[in-house]
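Which chain is which? They are A, B, C and D, in the order written, and residues in each are numbered from 1.
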């Protein structure tokens, strides 16, 4: 352990603001990337459902015509 | 070697939609293949795929299948003439310049541009910039290629678009000459042909239906 | 079958492009006027003192050149794409990279070369000390071909999109950074009295490399765009 | 002329393969990252010159390294896609690019933050930071081009060509920026070029590098799976896959 107390750990020898800012931004950016990846999947599912509905409408129209 | 082209089991999907699947046909010398289908059925895609402008999902396209020589890409490109929707006519250049530059690009040196323009009925408009001509007249400039091209296979996407009845008549006469001389034509058209080719094949693309 | 040799097709493409642009002279003139105006904005913005102007002159001229290259680049393939000439080019038996090279050469003749001729005037306006003029012209001579070739890649990639403008700058400007650095570095070297030829030579090498490789990238990009 | 445009690798197989690997890779990545970060932040000794501010190195260096190699990977997959007509390689582009962009962004921002206590300014035109900034521009260009196409396939191909052009340019850019930096006598503080490190710092750094690499891999796997689904949306197996997922989340279904 390089630090004697929690307080010292947070302070980082006076550089606490910079160190924690750097780490904070880094992991926030990664979190955004991960969430975005899951979001894309959800969007795909929505698209898929829409597509199915479109197909159903098309099939229904065909039935009506014939 | 009378077979110009064989096509086997072409599959095309665009934007997740199946345009056609398992499409196969042969084309002999003297054949006319009329491709029919509603808007968006994939007619243009098919023609563009035949000349390699579009990559299809699967299938085999073979020019001169009976030829013993290995036919590399440059070989077939000289044997095929493709005219798409867009005429490829430069609006800034005159009709005359367009015709002679087009011929130079296709490697034909000995043409009579005046003669060609007279043939397609553009006499008197030779030195006007093509941009000032109507769509049908621009189309006629592009179509002059059919009068000097030595390619046996013509692939024409909607050749009759914007042409008047005289123009359509003229073009069909040229088609008849070409097929009589042992050439073959693949074309798409919404209008029925008024001319009856001796060997006409029809291909209907339904498109979209799975 | 009489098909054109590669050289004939190359010349035919060049002739057609030259003729087309000659009918639209404003397309050549406007980017040059643009450079002239950008250059004359700087004395107004930072003051006409020769010490400041002389120091930033090379940089300003080069930045203006980059921007003007972007300005005209959209038209490089746009008309050919819209009227169908581009797809006819891809169907010719000749290698597409060669025909693309012909278009790049024409583009350089009508945008790069006038820039070289215009350079002394810009240098004059910006009070660039006389000893740096030859270097400035030399960097423009060897640097503008890079500009034309790389611009052609970007223009070919975005030609089918219809709204290339801002996107094109986004793609191309990072690629121009080495050019900018070495060219203005060379002029600066001759300003402080050290040898500028290493940078000019380096630029020449880069220029050759770019001219050799870019046509293939342009050809590949055209094939994607006409798809 | 003849050509057989057959799929070399079946997307379905790759999709399921990636799905099987993903939890393991992501799990290991989390463990390694946690270990690397805790070790680097709390256990590694302070630097005798820079004190504790140097601890930013444990994110800055791994992300900077990966941002470069991911761009090379991007260009490589584009090259493979072109040469062997492998559509899967084309798709990989859209999976790699956002990850590379994020890593470049992180390395740039952490570099700037690290620079503040060292140089006294948030931005210094230091050679390394400048190169990183240009790399960010290159990534933005590739992604912007990809998204500008309405057809994903053309977009991937076009962006691939741009990535290949960019990767040839990267060494030239690096060299030019370094030359420019020495020419202008810019920042001489060699924050980023450090003397050989003591093992007590080097080992946690290596652990972090490994952790970030695995993180990049799992992010790419996740995005690649999405991309396969998007490209193959009409295939029966995708329909089955998505239908299963839709029934697992009934709330989703009502929403749309």
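Here, a contact is a pair of C-beta atoms (placed from the backbone, for glycine too) under 8 Å apart; a residue touches a chain by one contact, two chains touch by 3 or more.
Model, not experiment: these values are computed from the prediction.
Centroid analysis (C-alpha atoms only) places A farthest from chain B. The chain pair with more C-beta contacts between its two chains, of B-C and A-D, is A-D.
Centre-to-centre separation of chain A and chain C, using mean CA positions: 42 Å.
Averaged C-alpha coordinates put the centre of chain B at 37 Å from the centre of chain C.
Annotation: 46 Å between the Cα-based centres of chain B and chain D.
Between chain A and chain D the centroid-to-centroid distance comes to 16 Å (mean Cα coordinates, whole Å).
Shown for chain C are the residues in touch with two or more other chains, namely 227.
The set of chain D residues touching two or more other chains comprises 233. Within chain A, residues 51 each touch two or more of the remaining chains.
Residues of chain A that touch chain D in their complex: 1-3, 9, 12-16, 18-19, 21-23, 25-26, 29-30, 32-34, 36-38, 40-42, 44-51. Of all the residues in chain C, the ones that touch chain D in their complex are 150, 153, 157-158, 160-161, 163, 167, 170-171, 173-175, 177-178, 181-182, 185, 188, 206, 213, 217, 220-221, 224-225, 227. Considering their complex, residues 51-55, 74-75, 77-78, 80, 82, 84-93, 97, 101, 104-109, 129, 150 of chain B touch chain C. The touching residues of chain D, when paired with chain C in their complex, are 82, 134, 137-138, 140-141, 144-145, 148-149, 154, 157-158, 161-162, 164-166, 168-169, 172-173, 175-177, 179-180, 183.
Residues of chain C that touch chain B in their complex: 1-5, 8-9, 12-13, 15-16, 19-20, 23-24, 79, 82-85, 87-93, 226-227.
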